[in-house]
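What follows is a pair of complexes built around chain A, which joins chain B in one and chain C in the other.
Up next is the complex of A and B:
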């Protein structure tokens, strides 16, 4: 029944893509005009109905019994088109994000504020990545593809890795502060962390290697103590937190789904 | 794709029951029933941190994490709206770097509204909410740079954080900022506990907006949440008992125990 919708959202060949893009832009403009001209008292009910139907779709898709052969129910095929609508909204807001970058850093450059050259480097890098990225995807120019490769593989990935590596140093300084013995809790934390770290390294295991591997005394081997801490104490605490988060997530989802949410933007006149 | 597993009814019943309890508590709270919620030190520290920034004349930083637009981000924005109302009152400068463009557009609206609600729309600076990058470590370096350059006095980190959490928290610590953090990512909670002054753990994150606003609907939902947790705890206790009698093959009870355990077992 909804097969045309699935076909409509399927990838399109380049020859017809511009028509689809133009159609989508026109449709979006019409929707925006319609929403702007909608009477104020009708806007909130409309949002409530759309939110409820969208939530109902995902809940029904999850709970409706599935055909074991295909691992699908009658709604599963429409999950991709539904998630694409979300991606489309994200795509549109990305323009606003880029405008924010241009506004903040463009002003820094025009007014020659301190560090204006950093803003210039940022905007130049952004424009270069866009241009060479497009050429890499759609063009054939070999030099441009090489430049993109240098920018992406040679620079961006390495800078990402550099930032990631910094975490190792931050872990040392943060754990130094956390493990300082100032209270009973900090002492327990320090001892526990010490035992887990010992259990992770061969030298730690070697310390209690002389203990038998079987019988109750084997529980005192460092690797077994570590395993007990991780699988019993730590896992229990993490599961308790996860259950609390799950129920909390259910509560806030219900409030939003049934339009019961209050505060911040939910009570705003629209 | 993910679906409810074959044994759909037990899960559906527990979930619907929890949902009904939450809605029941919301309705009773809306009818004026007085509800008690315990003190959450991390949320009480928000005012202290804003006060410190006011005294020092330095900016307040709010980071909504790197996650997309979801209930987690909505909750973070709800907390930031409260912070923005306080900063609007005291005239603090705020900085809010954002990694997701959808969150950015909503955040700008929320903060603008907060300033308007406090009667100081002229104090709102659109440049205070900035989209930096949607790449994890590009965003992390941008925020770390902002913290160092602006020498922030207070830092609030609420939302979805991953490996970059420690970069933010440690950089904030380096400039001597008072830091309050909360995330639903259990892997990042230890980092925040180690590096921040106050950390909101687990479902306290979802309690934040109710705690701050004291709105009856939200408070009702919060109490309903606790009833939901109580229901799950009862299931745990009954399940543990059932598994024990099933393992011990207790006459009659053993069969019932096996049936109960099987009801909730995912094969």
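Up next is the complex of A and C:
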């Protein structure tokens, strides 16, 4: 029944691809115009219907019994096309994000607002990554590919690592300033934290390395104490939290799927 | 009441203990992290049961078995996740398993490809025959649901857009039942998606997880339940794994830095608390 749809979304040869792309763009523009002009009272029901149908597809595909021979049910073949639809939606939200960035930072640059050069750096970096990224994927220009390599591996990845590594410095400063044993609970927490930290690094292992590795006394080795804390005390607490989260997540999912959720975003006028 | 270090001037020794300048702290941390890299410290290394279990799980897969490695990490956690990825791929290639790699992160895709390409040369692995890189794949839930039922369709092309269906490495791989082992190397809670959508679909599947150290404690209940066969905890886990596969990599070299950084944090907490307790005892 859905076979023509699957065929329609299958990869296309390069000769007809531009027509499909042009058609998709036109169709998208048409849909966006239609959605913008939709009366306010029709928007929420439309969102509710689309949410319900999308959720129904995955729920039905998951729960519907499978044919033992093919290991599939009648919906299984449509999982991949559905995933492509998800990617398309992701692409559209990306476009929205890019447009928003261009509008906000473009305005900063044009009006020479305070810190306009930061906006310029952001937009230049974004445009450069897009252009050289596309060339890297689809082009053949060796120089452009090298530039992309410098931008991606030479800059982005290292800047990402640098930003993340700064956390270590803040952790040192924050733990020194904020960790005070003001109560019994805080004292227990600190002792536990120290034991886990010592058990996590070889220098901690060295402290109790003189103890035998077998027998009951081995339980006093710092790595074994750490292991006990993690696998017994910590795991029990996390199990309880995970159980609560699971039940809560299921309830929230059902409420969103059936459009029963209220408050904050869900009651906003659209 | 204790004074606030940043807002008022310390009056005596005990108060000064609580208000060490942050630049001093930063310099100390920088020193303890970098110095051991130039002058390594020899320390005893005990292999944790969680790491040993992961190693044993991969050891139990017969030669030629099919392994999927997902490298969902980026530059931010490369210090931990890169040695983990290298240790796992090294073990898989040593064991002569067929390896398929992909990532839910663009950076992870590039990193894992670079690591695998380098190791492939070392172990004589030929691309397409012994290993394949499926590239970056967005939208976790959809990909995982899809790969359970149909791997060739889910990963129809590799990272360069070449069709995978005729690659020898994919021979006989139809769905999750044909996969022997999956290892997720991540800096996030993505293991929940694997457990929820994939692990239960093949009772013989071995699912290993390599999180950053800060993520590790929350995964213990799933190792207890057997849904995760073993865990490689951060850089320390990677160092243990390097020892198991008889290699010395970045993780082993970094253990001195990690050790001293931990000790520095503990010493600073103790110093701050000594100052706090002494000030409180005086009624300050």
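Observations, loosely collected:
Criterion: the second predicted complex is superposed on the first by the 216 of 270 C-alpha atoms of A that agree within 3 Å, B and C clash if a C-alpha of one lies under 4 Å from a C-alpha of the other, contacts with A are read in each partner's own complex, and residues count from 1 in each chain.
Convention: contacts are C-beta pairs under 8 Å (C-beta built on N, C-alpha and C of every residue); 3 or more make two chains touch, one makes a residue touch a chain.
Keep in mind that what you see is a predicted model, and the values were worked out from it rather than measured.
Of the two partner chains placed around the shared chain by superposition, chain C is the only one that A:58 touches, whereas chain B remains out of contact.
In the superposed pair of complexes, A:164 makes contact with chain B and with chain C alike.
In the superposed pair of complexes, A:247 makes contact with chain B only, with no contact to chain C.
Looking at the shared chain after the overlay, A:255 reaches chain B, while chain C stays out of its contact range. Of the two partner chains, chain B and chain C are each touched by A:173. When both complexes are overlaid on chain A, the residue A:98 reaches chain B alone and has no touch with chain C. By the touch criterion stated above, A:82 is placed in contact with chain C alone, chain B being left untouched. By the touch criterion defined above, A:200 reaches chain C but does not reach chain B.
Residue contacts after overlaying the shared chain place A:71 against chain B and chain C alike. Once the two complexes are overlaid on chain A, the chain A residues touched by chain B in the first and by chain C in the second are 61-62, 71-72, 76, 79, 90, 156, 159-160, 163-164, 171, 173, 175, 177, 238, 242. By the touch criterion given at the top, residues 58, 61-62, 71-72, 76, 79-80, 82-83, 86-87, 90, 152-153, 156-161, 163-165, 168-169, 171-173, 175-177, 179-181, 190, 194, 197-198, 200-206, 209, 221, 223, 227, 230-231, 234-235, 238-239, 242 of chain A touch chain C in their complex. Across the interface of their complex, chain B is touched by residues 61-63, 65-66, 71-73, 76, 79, 89-90, 93-98, 100-101, 103-104, 107, 115, 156, 159-160, 163-164, 166-167, 170-171, 173-175, 177-178, 238, 240-245, 247-256, 258, 260-265, 268 of chain A.
On the chain C side of its complex with chain A, the touching residues are 2, 5, 18, 20, 22, 25-26, 28-29, 33, 41, 43-46, 48-49, 74-79, 107, 110-111, 138-139, 142-143, 145-146, 149-150, 153-154, 175, 177, 213, 216-218, 220-221, 223-224, 233-234, 236, 239, 255, 258-266, 268-269, 271-273, 276-277.
Across the complex, chain B meets chain A through its residues 1-4, 8, 12, 15, 18-19, 22-23, 26, 68-69, 71, 74-75, 77-78, 81, 98, 100-102, 104-106, 109-110, 113, 126-127, 129-132, 134-138, 140-141, 149, 163-164, 166-167, 169-170, 173, 184, 186, 189, 191, 193-195, 201-203, 205-207, 209, 213, 215, 217-218, 221-222, 224-225, 228-229, 232.
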